[in-house]
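Going by the order they are written in, the chains are A, B and C; count residues from 1 in each one.
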Amino acid sequence: MQIDFQHVNFSYNLKTIFRVDALKDVNLAIDTNEVTAIVGKTGSGKSTLTQLINKLLTPSDGAVKIDQFINTPKKRAHRKQLQALRSEIGFLFQFPENQLFADTVLKDVEFGIRNFHPKDQDYEKKAKAALKLVGLDESFYERSPFDLSGGEKKRVAIAGVLAYQPKVLILDEPTAGLDEMSKRELMELFKKIHQEGVGIILVTHDMDIVLKYASKVVVMDDGEIKKIGSPQAILQNEVEPYHLATPNVYHFAHQLIAQGKKIDLNRVKDVTTLVEEIKRHG
Amino acid sequence: MKPIIKLENVTYSYRPSVEVLKHINLTINPGEDIAIIGHNGSGKSTLGKLIISLLKPRSGRLLFNGIEINHKNDNLIRAKTGIVFQNPDNQFVGVSVADDIAFGLENQCVPHEKMEEIIKTYAEKVGVLDLLNKAPENLSGGQKQRVALAGILAMLPDLIVFDEALAMLDPKGKQEISELINAIKQEHPRLTIIRITHDLDEAFHSQRVIVLDYGEIVLDDTPAKVFQEEATLKRLGLKTPFIVELNNALMKAGLIKEHEYQPHKLVEKLCK
Amino acid sequence: MDKRILGKYVPYDTVIHRLDPRLKIMAMIMLMVSIFLSYGSWTMMFTLSGINLVVIVALMFISKVRIRDLIWQLKSLYILIILLMIINIFLPPAHSVHIIGKIGNLNIYAESFLQTGKIIIRLMEMLAVAMILTSSTTPQQLTQGFSWFTRPLKKIKFPSEEIAMTISLALRFIPTLLEETERLYKAQSSRGVDFKHGSLMMKIKGITSLIVPLFVASFAMSDDLAFALEARGYNPRGTRTNYRELHWSTKDTICLILVTLFMTGFITLTAMKFDFIKLIFPLVW
């Protein structure tokens, strides 16, 4: 799927004294065959950017093209088109476990399919398949989502989106509040989902995750796109001006370089590669 | 030295059948800087609340400066301890920054005339002096956590618990609050600090690390020693901090002979 | 979402903003009374309403409440106004005499329109007075003011401070809950909930998907809040001091005198059946 932002401006509370300009003339092409990470500090405009993709928001000016669909203030979207768009774009908000509401896990996972495709008779099969994908077996089907642990709830919420088989997943801070092991498990799950052909757009503060899982990074600040490139190319340079944290490996490598050590940053990706690089130069 | 906190054989459960903490024995001395780590659901937040008597043990006892704390005398511990929670929004009780800092003072019946000065002093200390009249919805998460800290500092506490206080902040907010906590600790060496965290790099900077697993203390030692217990940490799903991981990899590669956990010293060593 | 909520505090620094909330509450009550005083003839009613209107517009001007915002508020009440008009045409007020037209068998009286006009003017004046109060006084000041008036009731164990605390906490958390609602609205829209179209069943399910998580969220929030209050030493039955104290100053006293004078004058005029229009144009009427 191809997503194109063309001269997009967005302001909250336009025409009032509370107006906030969240996006300023944004141009961006996202190919969902690669994992795109959108990074920036809180309030940099990254959430606004993602919410334009499934038309939760409409640009104040400019257009966002999502395959055939055009999100622009100039053209009103038909209800059917809008639902079709949203069924293709799975959107997982931060702490998706907070959106659960049905009395059983299975019903909650079926909810999305039944909203988007009321005539689909296979909803139960699809819901069960989605639950299997996120690693929850049939013992969960009839349980109340409110009795589950935080991690299990998160998985139910993810299954609820995967169930209607979206082409793209937008993940807003998926690993917030998780310990290292849960983080890794979750990201491995998304990696698997991506390998099965679902595009991934990732919004996160965690640069280690960006370095490990993303193939392209979009750096945002003050409603503008500041940089686009591969995670390595972007993160090996100073990213503090954009209020991001340089990953530990690069931070340490920079200190070595400053002390006169020869290090080829392009070869460094994690601790192992850093040590290899130090060894290479004696 | 008389311990500030002593937990004796403390057990806690939210529901009768599920024990969140099991027979915890823990002694905390004044001025300690402690990190409590563990996976989600290990009981570390519960432990934090028990230490300052926001939750009462189901069995066992809590001693604060040698005095056993119960429902009747918990105002003793209230006046001398504070906690910063994870969610910056849900603990902001005032309608403005000044009102929020004032809240604890009001509860301690500080005379009205003295409040303005106290509020200004501590607002300045945490860097929110120019935000005194702002409403919470116009503040960033980091700013709200600063305000929470100011409200606690204004009470001149002996002990502060940070219950994943950085978890919901962006990297900039995280770094700033972390630095602020360190600066305050440096200024008040007698202040006891307890950081409940997922961030092992943060835990590495404290003096003592306590590792919890399903309600039990499995490790309790200096960070250098705790983070050498790779097998245990791996079993608990905890990542080793970057500097330890790097040290271990360098040792394996034969580039260093002994551990050096000070980054700048390690850099010097490698550049020789 | 439109953020223009009725009665939002606007942080200007006008004379009215600086007045004591207790004075403003008393003044509002007196102005409301004068708006509601019943009048004799139509002409007299318009005269007295006119006097009220002049005073209110002056107050709006001083406190920087924009007429535009008032009209915007009125616009949202247009259905009510149309309804009033229809009711007054079909059920004309008592003693209607001036027939100005006919629809079939139905007599159309001039009084029907006068009556509607009277109600609209009163409604507008009341709205304006309420807006002056709420846009110049923070909800906290209002709470404190009201709580001051209930203080004598403490003798009969009325929990006036606890209530004030509860209200101010509720006010504090309204924006947070609204934000959460908006987030949930977006989250559920993303998974296909169509809040505007669809069958009744779909709509009910959609609303459920919003309300259940909202309840869960507010319980979690109140849990956190309870811990936060306790950790900071709040004791509902204990005594506490107040950072925001009310200060009654000379200018509040002067304003109270002015408002009282205005109201007594107004009542006197009503009692005298003061009728400016008839006084000036006795022959015309």
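One rule holds in what follows: a contact is a pair of C-beta atoms (placed from the backbone, for glycine too) under 8 Å apart; a residue touches a chain by one contact, two chains touch by 3 or more.
The model shown is predicted, which means the values in this text are computed figures rather than measured ones.
Student: If you average the CA coordinates per chain, which chain's centre is most distant from that of chain A?
Tutor: C
Student: Between A-C and B-C, name the chain pair that shares the greater number of C-beta pairs in contact.
Tutor: B-C
Student: From the C-alpha centre of chain A to that of chain B, how far is it in Å?
Tutor: The mean C-alpha positions of chain A and chain B differ by 30 Å.
Student: In whole angstrom, how far does the Cα centroid of chain B sit from the Cα centroid of chain C?
Tutor: So the centre of chain B lies 46 Å away from the centre of chain C.
Student: Among all residues of chain A, which ones touch two or more of the remaining chains?
Tutor: none
Student: Can you tell me which positions in chain B touch chain A when the two form their complex?
Tutor: By the definition above, chain B touches chain A via 38-41, 86, 140-141, 164, 167-168, 170-175, 198, 200-201, 236-239, 242-243, 245-246, 249-250, 252-253, 255, 263-264, 267-268, 270-271.
Student: Would you tell me which residues of chain B are touching chain C in their complex?
Tutor: Those residues of chain B that touch chain C are 49, 52, 54, 75, 78-79, 81-83, 85, 87, 89-95, 98-99, 102-112, 115, 119, 135-137, 151-152, 155.
Student: Sort out for me which residues of chain A touch chain C in the complex.
Tutor: Residues in contact with chain C: 13, 16, 18, 51, 54, 56, 79, 83, 86-87, 89-91, 93, 96, 98-101, 111-112, 115-116, 146, 160-161, 164.
Student: For a test of understanding, state which residues of chain A touch chain B in their complex under the given definition.
Tutor: On the chain A side, the touching residues are 41-43, 149-151, 176-182, 205, 207, 243-245, 248-249, 252, 255-256, 259-261, 271-272, 274-276, 278-279.
Student: Can you list the chain C residues touching chain A in their complex?
Tutor: 3-4, 183-184, 186-194, 197, 202, 205, 208-209, 211-213, 216-217
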